[in-house]
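You will see two complexes here that share chain A, one where it goes with chain B and one where it goes with chain C.
Moving on to the complex of A and B:
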């Protein structure tokens, strides 16, 4: 059974009649059945729905429809913090165990309209808090490249599913790097779009200010194609921007690109350093490299955690077991809350909710949060001034290569996994991580391209050039 | 000398069709949990979208009360756990409300000043069934738009507070932004009462809740002032507390002591941008403001020559004023209209507990009836007798008058005969009259009128009778 990896190759096979959407979905489900017991990338499978819709799509398939619907008959994995109507959604938390969605997230509605087939809900760190998928309330996902290693996180299930060939593309969510870091650990492509470009409606909020739904694929084209299908204004999300893919600025003529100075103190992994230099060298052959300072780089992580934990403490208040999820009956409503939340939330979630509650408390009169929003503005304006000068930046996605299960026990060590993905998250900037090289273990280094707001077309073009060069 | 000081916190339910942040119906009295959706139920992934109409209504009241409209105001989260609060936080306005200041004139020489007015969402309704060991929650109310109005502590008597509430209710009903019905919870009021022995200082304030009518507000203030005065005289300190009004026992009872400021962990709502009021919205709100009670009052007194008492009565509610205005359109006797509304129609409204438009006689018909009196087609007495029939049959007054032969008798000959008959039938009285007992004129007049079955034109009859008596 030959793996069909890219959307393009699948559509070609459909056109030639080599396979049909229903055959492909059957194959995907079979592969998941055979192999996912080891990898554990899925939490829920939508077998019946996927088979039903694949049969319909097989019956009506035509060249016109394949052109009109870019995701026609393409199996997609959806991170389990995104609502798919009538399918379980837990955000990998026990507090939502058996909770069935009552509506489609805007991105899911758009995927369905574009002909995509949702095969299942992928595993993640509980409520997207984590960088290894070890904090899933149910089970950790393994890295398909080497099962002793984590796939990264929090969208580890989506990245692993795509890498394992269970589905060619998947949706993730990226708050501080949760799409790019697992994509990098699994040797595939992950995009965090401009904040406000993809509707958050229907995605379980962790940190509203930073959350963005992102796309994951094995190739640059696939990841961007997926993004193209889900982006655009949504009246149900007040933070959504009035911008459609067609309205994105065209790619300017490129003459230079930016790199960051002073990363020496960060103790980057030598292989990542080497791959990073390789990309810089390659780009330098066409464009002039310019070095910039990002003074706020070292403040970014603190800024991130203050904002993220504060908002998480509030966003997760709705999980009280009263209206949905696991209900616990105590002698008073307080006791019922206590039982539901004590049993329902995992350690990392509790840690962040407690921290966030503390940070927002009267004692600091919200000053930490305000201060962090101010720092966020500073990071944003630093990036802005860089981008008035150069069209895009190149940066490694992570400082370290994938780690083994249980290797990062200290929460702070784990938080450092997002060190290089956090800055563009805070600034709301689009970033794409692409895999470069393969080390002895089979892992690739992730290299990020970061551009100004709504520079997705530019990032696509540059990422594709790099992808062609390294393959 | 004891000076009581009173401040009020009022919540007004806005009469929008839909809720504050979702498209659910915002109506009162529907079957429990029939108007709910993922947004107002706080389901994971649901996001708020502000109701434009509610913002317009807030602007209208802000303008009507001469407040300072904030072109940019904030949305904030007020975090606390309670089963009636689906998200675990209420979306409200904290640091910058949509309206600052404002005032209501309660008498010619007395004005109540407002501190602020802000938009927020209502909580769900908890229904405690007596005897049952459970509490039910109706989420229909969750997310209904509210305006919170906070006055300065500037009232000094329960009467002032009562007049203030009446005036506020009158204004919101003129603006058609709320029913202002306290019994339906469309207007809710908490009271802060303190007493002091000098004008320069404020005493310790005590909050009173659970007030379900204007009368309860006034009585609770009276009670609190007395209670606090008694404490003061006994030398017992007044403590910061929240008390609840017990209507049956006519007293306030301690609910809780305010030992420390509750920690609501306010922070800017990250799912919403700041609330920006455009010039266009502001202009639209200004244009939507109808004639307000004070202006209507002045018009009735100066333009229509009504007494202050009549003007007060007619402007008490906007539908009575509108009814009045429709009646006097093309009819030059506002006084008779006013009299009829305040006596005949008011009686029916009280008997049937209905509004003026529910009586079943349109302003056009009332005008027609009054015109029949004015042009002496029928007498005032017959008109009053006709009213029930008009209401019952819905027929035109002139048709009924014709059908039932109620036209006034204005034929000299007919009246002459009647007069002669009456005089013939009462020879003794006639003798006494001629002997100088002139007050018997009234008796003859009454007898003649009776003989015409009330249809005789009083003026004509009077003249003919006088002539006949001269003989």
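Moving on to the complex of A and C:
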């Protein structure tokens, strides 16, 4: 069974009559059934819905429809913190086990309107808190390149499903790097869009100030095409920006790009360093490299965790075993809440909820949250200053290559996985991670491009050039 | 308020657990106290980058120093009337549409 890896190759096969949406979906589902018991990238499969949709799309397929609907007959994986109507949604938490969505998230609604076929819900770290998918409440996802390595996280299920060829594209969510880091670990492309460019209506909130839905694909074009299909204003999301894809600024003429000066102390993996230099060297042949300092880099991670954990403790207070998911019966309502949350939440979620409670309680932590909001402003200002005379920045996605299961036992070690993805998340900037090179183990290094707000078209152009010339 | 010297001990963790509606075994508590203090120690890095002198200056003056026109619809917002201004230049709260989102 031949893998159809890109949207373009699938649409060409449809046009030539080599396959149909129905045949493709059957092949995808079979591949998942045969191989996903090892990788464990999916939590729920939407077999009946996917087959029904694919039969309808097969019956009406035409050249015109394929041109009109860019995702016509394309199988898509959806991270399990995004609602798909009438499908189980757990955010990989036992507290939400058996909870069925009663509506489509805006992004899912838009995917369906563009002809996409949702094949299933992908595994993740519980409530998107983690960087390895080891903290799923159900089972860990394995990296398809080497099964004893993690796929990164928290969107590890989406990245692994795409890498394994179960679906050519998938949705993830990125709060501090949860799309880009797993994309990097699995050797594929991941995009975090500008904050407010993609609606979060129907996504389970973890940290509302930073959460964004992002796209994952095997190629730069596929990941951006997926983003193009889900972006735009949504009146159901109060943080949604009044910006459509067509309204994005056109790509300016590029004469320079930015690199960071202060990375020597970060003990970057030699292979990542080598691939990073290769990209910088390639870009330098066309544009002038300009070096910048990001003084707030060192405190960005602390800033992120203060904001994220505080908001997580607040956002997750709604999960009490009464309104959603697993119900536990105690002698009083307080005891019922206690039982549901104690048994329903996993280790990492408890750790972050308790830290968030600590941060927000004046008695213990005073003004951490206010300081973090101020630091967030400073990070944003630094990026704004850089982008006044430089169109985009290049830096590695991660400092280290993929790690094995259980290798990072200390939570702080795990948190450092997102060291280079957090700053742009804090500033609400778009960023794309693309795979560069392949090491002896078969892993690629992830290199990310970061641009000013709403510079997605520019990032697409540069990422595509790097993919064609360097990857 | 100074953030230093606010260590999480057994009593503090008990109170946090009560506030968060989470129960832990003593073994879990002992383990968590070490981890939480280690992570919380990281938070003090922020204050070294946000000096006392200018701390909060940008955020605290954000409302007062902004141009009056940006906040011209403040009464409308308070009454849940959607702003008709270009959203891309406004802070997120300016775009509140008064829609309820009660689902998970």
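To be clear about the criterion, the second predicted complex is superposed on the first by the 467 of 471 C-alpha atoms of A that agree within 3 Å, B and C clash if a C-alpha of one lies under 4 Å from a C-alpha of the other, contacts with A are read in each partner's own complex, and residues count from 1 in each chain.
We take it that contacts are C-beta pairs under 8 Å (C-beta built on N, C-alpha and C of every residue); 3 or more make two chains touch, one makes a residue touch a chain.
Here the structure is a predicted model, which means the values were calculated and not measured.
**Student:** Tell me which partner A:310 touches in the superposition: chain B (first), chain C (second), both or neither.
**Tutor:** first
**Student:** Output check: A:236 vs chain B and chain C. Expected answer is one of first, second, both, neither. What do you get?
**Tutor:** It touches chain B and chain C both.
**Student:** Is A:82 contacted by the first partner chain B, the second partner chain C, both or neither?
**Tutor:** A:82 sits against chain B, while chain C stays out of touch.
**Student:** Once chain A of both complexes is superposed, is A:291 in touch with chain B (first), chain C (second), both, or neither?
**Tutor:** After superposing on A, A:291 lies clear of both chain B and chain C.
**Student:** Between chain B (first) and chain C (second), which, if any, makes contact with A:320: first, second, both or neither?
**Tutor:** Both partners.
**Student:** Now for A:264: first (chain B), second (chain C), both, or neither, which partner does it touch?
**Tutor:** Neither: A:264 stays clear of chain B and chain C.
**Student:** Chain A residues in contact: does chain B have more, or chain C?
**Tutor:** Higher number of touched chain A residues: C.
**Student:** In the superposed arrangement, does A:302 touch chain B (first), chain C (second), both or neither?
**Tutor:** So A:302 only meets chain C here.
**Student:** Return first, second, both or neither, reflecting whether A:202 touches chain B, chain C, both chains, or no partner chain.
**Tutor:** both
**Student:** Given the touch rule stated above, what does A:102 touch, chain B (first), chain C (second), both, or neither?
**Tutor:** A:102: touches chain B and chain C.
**Student:** Please write out, lowest number first, the residues of chain A touched by both chain B and chain C across the two complexes.
**Tutor:** 83, 89, 96, 99, 102-103, 201-202, 204, 235-236, 238-239, 313, 317-320, 323-324, 334, 337, 357, 361-362, 366, 373
**Student:** Any idea which chain A residues touch chain C in the complex?
**Tutor:** Per the stated touch rule, the residues are 83, 89, 96, 99, 102-103, 196, 201-202, 204, 233, 235-236, 238-243, 295-296, 298-299, 301-303, 305-306, 313, 317-320, 323-324, 334, 337-338, 341-342, 345, 350-351, 353-355, 357-359, 361-362, 364-368, 370-375, 377-378, 381, 410-412, 415, 454.
**Student:** Under the stated contact criterion, what part of chain B meets chain A in this complex?
**Tutor:** Per the stated touch rule, the residues are 38, 41-50, 77, 79, 81-83, 86-89, 137, 261, 263, 265-268, 270-273.
**Student:** Quick check on the complex: what are the chain A residues that touch chain B?
**Tutor:** It is residues 81-83, 89, 91, 96, 99, 102-103, 105, 200-205, 207-209, 235-239, 310-311, 313-314, 316-320, 322-324, 333-334, 337, 357, 360-362, 366, 369, 373 of chain A that touch chain B.
**Student:** What residues of chain C sit close enough to touch chain A in their complex?
**Tutor:** For chain C paired with chain A, touching residues are 1-3, 6, 8, 12-13, 16-17, 19-24, 32, 35-36, 38-40, 42-50, 55-56, 58-59, 86-88, 92-93, 95-97, 99, 101, 103-104.
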